[in-house]
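Each of the next two complexes has chain A plus one other chain: chain B in the first, chain C in the second.
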Partner chain A sequence: MNHNYQPKIVVFTCENSGWLALKHASALGLLIPERVEFIKLPCSGKVDLLYLLKALEKVDGTLVIACQKENCKFLKGNLRAEQRVNRAGKLLKEIGLEEERVRIVYLAANMEHKFAETVQNFYDKIRELGPNRGKVMK
Partner chain B sequence: MKMNKRIGVFFCTCQGKVTEKVDYGLVTSEIRKLPQVEYIGESSDLCCQTERELICRKIAEKKLNRIVIVGCVKPKQERQFKELMKEAGANPHLLFLGDILEECCNVHEKGALCTFKALEMTKMAVARADKLEEVHYDKIPVNRTVLVIGGGLAGIETALESAARGFKVILIEKEDKLGGRLSRVNTIFGTDRIPAFLLEDKIAAVTLCSNIEVWTTTRLIDLDGNIGDFTAWLDTNGIVTNINVGALVIATGVQTVFCPVKYGLSISGNIIGLMNFERMLAEGKDFNYKRISMVVGKNTEAYALPFVIAVKNAVLIRKKFDAAVNLFYTNMKVSGDNWEKLYSEARGLGVHFFKFEDELEISLSQGEIAISYEDPFIQGKIPGSYKIVSDYIVFPEELVPAEETEQLTSILKIEIAPSSFMSVDNVHILNESTSRDGIYLVGSCQYPGFVNEIEMSAKIVAQDISRRLNADIVEVELTQPYVDAAKCVVCLTCYRCCPHGAITIEHGEHYKNLYRSAARMNPLACRRCGICAAECPGKAIQMPDYTDDQILAQLEAMEV
Partner chain C sequence: MIIAERKPIDEILKFLNKHQKVLVLGCGGCVTVCLAGGETETGILHSQLTMARNKEGRPLDVIEKTVERQCDFEYLAGVRHLVKEVDAVLSLACGIGIQTCAEAFPEKLVWPGVNTKFLGVNLNVGEWAERCQACGHCVLDKTGGICPVARCSKSIFNGPCGGSQGGKCEVSPDTDCAWALIYDRLSRLGEVDSLREIMPVKDWSFSRDGGPRKLVREDLELESGQ
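Our next item is the complex of A and B:
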C-alpha cells in the first residue's frame, strides 16, 4: 500500500450539532485532516441517499454527523439519517464495496474534541481501507 | 426571463488571519479562470462599513446577481451580509458564504494542502452559488381565534391572557362548569389567597369578558389544518359543530389515583389521600390533637408537587390543630422558590421527619395505624425497629394525565412523553410548545405544576400566540420545501414523516398530475428541517437553499 496515500472524505453535518462542534473545534485550534470537506445541512434528516452515493463516486468515504439520539431538534431526523446511512451501506456491499465507507456518528454541539477525534478516526479507517474502487473516472 | 449568472466573489482576509496560512494570490488566480465569475474582490475586513458600501457598489456596477463571500461565517456575520444583500436590492438567498477561516485555516496546519483546500472550498462555493435561487415573501391570512381546551385554572388563565391581547377565545370544558382541580384545594403555597375565591374571581372575569366564549360539556373530537387555520370539530352533548381557530391551547391537567394497596392497606376512613386531605381541611374537618402520619414515597416522588403539598399541610395542621405530624419520606425535594424555607419552618414547628429507604411496615389495628420504622443511618447499631402510632395516615395520590389524554394526543398529532404526560418539544426554546406549531401546553398536562408556574406559562403562551398571529395577515419567508406537482404521486411519505404535521394534501385542477393533487408544506407550521425533501421517493420536494441541485453541484465541483 502506498504510504503517501491520502483519502478524501466528505462530512455532512447537521447545523445543530456537527456544524457547531466544528466551529468550537476551530476556536480551540484542534487539527483535522486537510482532505476533508464539510457540507452543512439544516438537519441530518436532510441527508439524502443520493448525496451519499454521489459523494462516493468521487471520494473515499462519507461521514454523517447527527445529533445525539432522542435529542434531535426535529424529533426523528437523526434516526432517518441513520436508516439512510444503513441503506447506503447495504447498497455499497451489494456492489462489492466496503460498507464502512459510509458511517453516521452522533455528537452534541459541545463535543468538539470528540468531533476532531471522530473525523480523524474515520480518516484513518478509510486510509486503511485504501482507495475507493467505486470512484467514477471521468 | 432567465438572467445570466454573474457571480461576484469577495475574499476577506479577516485581518490577516486567513492569509497567515492560505495564499490568496493562488486562490484568486484559479478562481478567475471560472467562466461564471464576474468579479473578484479582496479585503482585509469585509465586516466594516466602508467595505460593505463597496460590495453594494460593485453589485450595482458589475450587475452581479450571485454573491460568494469567503472568510469567516458566524451567525452575526451571516445576518449582516443578508441585510447587505437587501440594501443592495438583491435577494438575500442569492448569497453563499464559505467559511475558510474556521473550516480550513484554524483546523489545518500551514502548507500547500491548506491553500489547496481553500481553493477547493471556494470552487465549491462558486458552484453552489451558481445554482442558488431567489426566495420571496408571501402574505398569509390567519385566523385570530384561540381554542382553549380545559376549563381549569390553566385554561381560564390562558383564556384571560389571550383575550387581554385582543384575541377571540373559545374555552371548552368537558364538565358542566369551570374550575377544575383547584376548586378542591384548601390553600395555595406562596399566596394568601383562598383558592375558591381566586377561582370565583377568575370565572367572573371570564364570564364578563366579551371576547371569551365558554362551551361547557364540550370535547374536541377532530382537528385538521395548521397554525393560523385549524378546523376543530367540537362535540357538545352529541351535537357536532366545526369552528375555525388559529391556535390551540391544551390545558387538560392531571387526575389523581389513590391506591393505598401499594403499602398493603385497603381503603378505610383513616387512610386518606393527600388531595382528599386537602379537601377535608377546606371543608373544615377537625384534626385537633390528632396524630397524623404522612408518607411520601413509592412512585409518587417523580414530581415536586406531593412534597410541597405534604410539607405545606404539615405546617398548617401543626399550627392550626396542634397535631403531632410525622412525615416519612425517601427523598425530600424542596428545590423551588421558598420551598426550603417552608421545610425549615416545618422542622422548626416540630414536624417529625423520618427518612426511609424501601419498605415501611404499616399495620392497622383498632382504628390506629402503626408504622414500624428503622432509621437507615443507624441501621444495625440499634437492634430492631420502633413503632410510631397515629390516628390518620396520609398518602399522596398518583398523578396521572387526565382522562382521554391519549385520544387527545392522537387527534392533535403530538407526542406523549415517557412519563405518559404530553410531551413538550424543546425545553430550551419554549417550555410550552409542542412538536406542532400553534398547539401549546399549559399547566399540568405536561407535568403536575404549581399555581404560580401555571400563571407564568399562561402569560408566555398568550405572548407567543400574539407573536405568531400578530395580524390578520402575516408575512412569511417561503423557505419551506416546495413540491413539484408534476412529480408528486401523492404517496403520503412526506405527510407521514413530517415531525411537525405541517404537510397537507391539496387538490385542484392546477396540479398537473394524474391525481390533480399534491402535497403542500404550510409555511407557518414548517420548521425547515428538510426531512420530507430527503425522504421523497420521487424527488418532487426541494428545499430552498438546500436543493439537490445545489448540493450535488457542490459535490461535483470537488477535486478528487
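Our next item is the complex of A and C:
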C-alpha cells in the first residue's frame, strides 16, 4: 500500500439523516477526511444506479448514507437505495473492479459520532484498496 | 411490448475489443419501458464500458445517444453525423431496431447490446411474462382473451393436456396452465359452453411457415416510400 495515497470519495447523504449528522459532526469539530465530497439528496431513494457509476468514473469510492431501516420518511427510499448499491457493486465486479468501492450505511441524524467514524472507516477501506483502476480522470 | 435483456458485459466487451470509439445507441421504445436499452441503461453501459476498458489501459471513447425509436429509419437519420465519427455502433434496441440500424448504416459494424426475449407484459417492477407469439392469426376471441399459442407450453388447441396439475403446467411449477386459465375465465363469464366447439388445427401459414412476413397497406403507401 502506498502510504502517501489519498483517495477521493463521494458520499451521497439523505437530508433527513446523513446530511444532518454531517452538520452536527462539523459543529462538534469531528474529524472528516479532506478528500470527501458530500452530496445532499432529498431521500437516499433518489440515488440512482447511474449516479453511483458516474461518480465511480471520477473517484475511488462511493458511500450512501441512508436513514435507519424502517425509518425512511418516504417509507422505502433506503431499501431502494440498498438495491441500487448492491446492483452497482455487481456491475463493478462484472468488469473486474472491487465491489467494496460502493457501500451503504444506515444511521440517524443524531448519530454524528457514528457518521464521522463511518466516513473515516470507508475512507480507510478505499485507501487500503488503492486507486480505482477504472477511473477515467486520474 | 417487446421484452429484451441486456447482454452480459463480457460478451459486449468482446464485440468492442478492436474498437477505439463507439456509439452506444439506446432506443426510446419498448426497451426503455422494459429497462434494457433506454437512456438510463445507455448511461449505465457507457459507464461500465469506460471503466472496464480504462482498467485494461486501453481507453474506449464512448458517445451515447438515445433515439425515439430505432425501428424507424427517420429517427436513425438524426444520428448519422455521430455514426460517421465512430468505429462501430452498439445498439441497445430490440432485434428489429438493431437490424434497422444495420440497414441504415451499411458502412458501419452494428453490434447487438441486448437479447430480445419475447412479446410480453410487465407483471411487476422487474418482472415480465410472455403473452403473444405474433403467430399472425389471433384466436383470443375463442379462448377468453388468453392465448393458448403463447401461454400453453405445447401451444395446443383444445386443451388442457394430461400434464396440467392444479392449474400449473408440467413443464414448470411456476407456469400457469393456459388452458386452466381459459377454462376458469370462461366459467366465471358464464361462457364455458363455448369450449364444446372443437377448434380446428391451427393454420400456421399466417406465421413463420411462409418465411419472413411482410405487411403492405396500399392505402397508406406513398410513392416516396417505395
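To be clear about the criterion, the second predicted complex is superposed on the first by the 136 of 138 C-alpha atoms of A that agree within 3 Å, B and C clash if a C-alpha of one lies under 4 Å from a C-alpha of the other, contacts with A are read in each partner's own complex, and residues count from 1 in each chain.
Please note the rule applied: contacts are C-beta pairs under 8 Å (C-beta built on N, C-alpha and C of every residue); 3 or more make two chains touch, one makes a residue touch a chain.
Keep in mind that this is a model prediction, so the values were computed, not measured.
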Fit-or-clash call for chain B and chain C when the two complexes are aligned on chain A: fit
Touching partner for A:L53 - first (chain B), second (chain C), both, neither: second
Partner chain(s) touched by A:G96 [first = chain B, second = chain C, both, neither]: second
First (chain B), second (chain C), both or neither touched by A:G134: second
Comparing the two partners chain B and chain C, which touches a greater set of residues in chain A: B
Contacts of A:K73 with chain B and chain C, given as first, second, both or neither: first
Apex chain A: angle to the C-alpha centres of chain B and chain C, given in degrees as a multiple of 10: 80
First (chain B), second (chain C), both or neither touched by A:K125: neither
Touching partner for A:K114 - first (chain B), second (chain C), both, neither: neither
Overlay on shared chain A, then closest C-alpha pair between chain B and chain C (Å): 5
Contact residues of chain A, present in both the chain B and the chain C interface: 48, 50, 54, 135
Interface residues, chain C side, partner chain A - complex: 8-10, 13, 40, 43-44, 47-48, 50-52, 54-55, 59
In the complex with chain B, residue positions of chain A that touch it: 8, 10, 22-23, 25-27, 29-32, 34-35, 37-39, 41-43, 45-48, 50-51, 54-55, 58-59, 73-77, 80, 84, 116, 135
Partner chain C, residues of chain A touching it in the complex: 48-50, 53-54, 56-57, 91-92, 94-97, 133-136
Touch list for chain B against partner chain A, complex: 74, 101-103, 106-109, 111, 113-114, 116-117, 120-121, 124, 415, 425-426, 435, 497, 499-500, 527-531, 533-535, 539, 543, 546, 548, 551-552, 554-556, 558-560
